[in-house]
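Please go over the structures that come below.
Look for subunit A in each of the two complexes below; its partner is subunit B in the first and subunit C in the second.
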Partner chain A sequence: MLTRPWIDPRDVDWTDPLNPLRNPGWQQNNNPYVWAALKDPMLQALRQGKGIEPRLYVCPDPNSQTIPGNSTYDYEVPAEPNCWLFALNASGSGTDFLLQITDSVTGAKVFSQPTPMSLINSNLTGTSNRGKLFFLTTPHLFEPPSYPVVRLINTESTAKVCAVNLFTCVEYDTA
Partner chain B sequence: MSPSASSSPANQPTYVEEPASYLFTITLTGSSHVDSIAVNIDRDSDFLLSGINGSSTGAYTLNFRLPSGRLYSSAEIKNTDFIGTANQPTSIGPPPIYRAGSVGPQMTLTDTSTSTNVVNILFTGIRRVRTT
Partner chain C sequence: MSSGIIANPYNDLLAQRHDLARKAVRFALSTLCDPATGEPQPITRTQIRQQLRTIQINAATAGDNIIIPALAGVKLIYELVLWNSTAQTLIWQQGFTGSQPIQLFRLSGFPALTGFSLGFNGSFEQPHWEIDNGQALVLVLANPTQVDGFIRYRVQNGTA
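The block that comes next holds the complex of A and B.
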C-alpha cells in the first residue's frame, strides 16, 4: 500500500458514477489500469464538464512535416472553443528539439522556457498508469477566443520531424 | 413507459460493470490506407473506453471515431506516439462511452512501414451490462 499514491479525499468527487472508489463492485484488481485512470482526480474533474469530449491535436499537421535546421516554427493549433489541455507528449526524427506551448490570448506558457523533447518523449513511459501521456499538474483551459500555440525549435543543422501531441478535451455546453 | 415513470428512481435501470477489452486486428499492406473500420460493440452492454495498447510489426498512423461520430485526433497520429504497452495502456480521458450495438471506435489507419504490417490494438475499459 505504501507504493500507492495518496489522494486527498477532498479531491475526489464521490457523486461521480464512474469513480471506482465509490463503486464497491469495481476493484483495482479487476483491471488496475482502468481503475487508476478512472480514479484520477484530474480526469474526475474533467468528467464533470458539460458535454465533454476528448480531443487529440497533432502538431504540426501532418506529423511527418519537417522543420528546417536551426529554425523556429510556430503552429497555431486549430482547437475548438473551451479546450482543456491536460497532457502531452512529443517525438522527432532528430536527437532532440525544444518546444513551448503558449496561450494565444493570455500569453501563459506551459514551460518557463523552451523544454527539450527528451523530457516528454513518447518513447518513454509517461505519467504512472497513463501510458504515453505526460500529465500536466493541472489542466489548462483555453477559453475563447484563445487557442494553443506550439513553438517548435529545431536545434539541429538539418531538417527534422518535430512532433508534439496535445491531449485535450472540449467542453461543449458551458451555459 | 412514460417519460415521467422512467425518471423515477424505482424504475431506473441497474447495471453490472465488468472489465472488458475489444481486440482489433488488421494486416496492412505496404503504404496502404483503410478508413472507418468498425470495432463492433456487443449488443448486451455499453463500453467505456479508458485505455489503448497494442503491437505491430511496423510503423503506422491511426485515428478513430468517438461515440459522437467525431474523429478523436485532428490528424492521424503515429503509433509510437499513442499506442501504449500491455503494462502501460495509454489513458483515454475523459473516457467516452460507446453504446451497445454501435460500430464502436471506427479505425482509420495508414501504413508507414512500406511492407506488410500486422497490427493488433486492444481497447480496454469497462463493460456496462444492463440487468433490469
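The block that comes next holds the complex of A and C.
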C-alpha cells in the first residue's frame, strides 16, 4: 500500500465512476478507445442528468431480415423524442456492409460517407459475441421531431443479414 | 424545471444542446447568409441552377471509367444521357471495383447503337443518384468499346 500514491478522496468524482477527468484510475492509456468519449461533457451530462433512460434499438426490424445484393436499405428507427445516440455496433453475415446514420430532419450524417461495417463489428474487432460498443466522440441529439435513419448498403452480390444496434438514451421532458 | 424535479446542472447542459439543435433544424437547408441580416437562408432554385455542371461521358476502357472524379462534397445527379456503340453490360457505381463500390444501376446486355436517358424530374430535391463525399462516379464497361453521353450534376458542400 505504501508504494501506491495517495489520492485525495476530494479529487474523486464519487457520483460518476466513468468520469475520466476526476477518477485517477481512468488514464487515457487504460482505455484509449472510450476515454475521449467518456470525458465529453455531453456524455457526462447524460450519465448524471435526471430523467434519462436507456433505449437500445436493434436495426432493422426484424434483425434477421436479409438485404438483397447490391442494394440499399433504409430503416427509419422508431425512436422516442429527445433521443441521444451515443454508441453503436454491428454484426452480420456479410463480410462487409456499408452503414450510414442520418438525422431525419437536419440531414446531418454521423459519417461523412457510408462506413464499412467491419470497423464497428464487435465480432471482428473484439471478442466474438461480446457487446463491444463503439462510442461517438460526442453523443448526437435527435431534436424532435427528428429520428435516426439507418442506411445499410449490401455491397455483395448475394442477399445478406446486417444488424446494427444503436445505443441511445431518451430524456424525459423536464421543462 | 417542473417543481417535482430537483434542479440538476447537467440537465441545463442538455437543454443548451437542445437550443443549439433547434437552430440547426431551422436552418437545415443552407449555410448561405442573407446579406441584410446575416441570417442563414435556404438556397434558391436559381442558385442551384447556377451550380449545375455538365460533364461528358467518353468511355472506351474495359473496367472502371471515372465519369465524375472523387470531389469533395455530395454529387447530385439530375440528368443522364448515354449512347452505347457495342452490345455489352454497363454498370454505374459509386467507387472503384474491388474497393467496396456501391452499385447504382446495372444495364445487363445493353444493346448496340442504343441510347438511354434519365431526364431531369423537375425537383432539385430528388436527384437520381447521390454520390457520397469524396467518392467517384464510375462507369464499368464489359468491353473496350465506345460509350458516349453526358451527365448534369451539382456538388453539394456542407448543407448548402
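As a convention for this text, the second predicted complex is superposed on the first by the 120 of 175 C-alpha atoms of A that agree within 3 Å, B and C clash if a C-alpha of one lies under 4 Å from a C-alpha of the other, contacts with A are read in each partner's own complex, and residues count from 1 in each chain.
We adopt the following convention: a residue touches a chain if its C-beta (ideal position, glycine included) is under 8 Å from a C-beta of that chain, and two chains touch if they have at least 3 such contacts.
Everything quoted here is computed from the prediction, not taken from an experiment.
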**OP:** State whether subunit B or subunit C is in contact with more residues of subunit A in the superposed arrangement.
**Re:** B
Original post:
Looking at the overlay, does A:P116 come into contact with subunit B only (first), subunit C only (second), both, or neither?
Top reply: second
Subject >> First, second, both or neither for A:L46, with subunit B first and subunit C second >> reply: both
**OP:** Please indicate which partner A:N70 is in contact with in the superposed arrangement: first for subunit B, second for subunit C, both, or neither.
**Re:** second
Original post:
Which partner does A:I153 contact after superposing on A: first (subunit B), second (subunit C), both, neither?
Top reply: second
Subject >> subunit B versus subunit C as contact partner of A:A108, first or second or both or neither >> reply: second
Original post:
Where does A:E143 make contact in the superposed view: on subunit B (first), on subunit C (second), on both, or on neither?
Top reply: second
Subject >> Shared subunit A contacts, counted only where both subunit B and subunit C touch the same residue >> reply: 46, 49
Subject >> Complex contacts: residues of subunit A adjacent to subunit B >> reply: 18, 23, 25-26, 30-31, 33-34, 37-38, 40, 43, 46-47, 49, 52-58, 61-64, 77-78, 86-87, 89, 91, 122-123, 125-126, 129-133, 163, 165, 167, 169
**OP:** Provide the residue numbers of subunit C that touch subunit A in the complex, in ascending order.
**Re:** 1-2, 5-6, 8, 10-11, 13-15, 17-18, 21-22, 24-25, 28, 100-103, 106, 132-135, 159
Original post:
Considering the complex alone, what residue numbers of subunit A touch subunit C?
Top reply: 41-42, 44-46, 48-51, 70, 72, 82, 96, 98, 105-108, 112-114, 116, 141, 143, 146, 153, 155, 171, 174-175
Original post:
Inside the complex, what are the residues of subunit B that reach subunit A?
Top reply: 16-19, 48, 50-53, 61, 66, 68, 70, 72-78, 80-85, 88-96, 112, 124-126
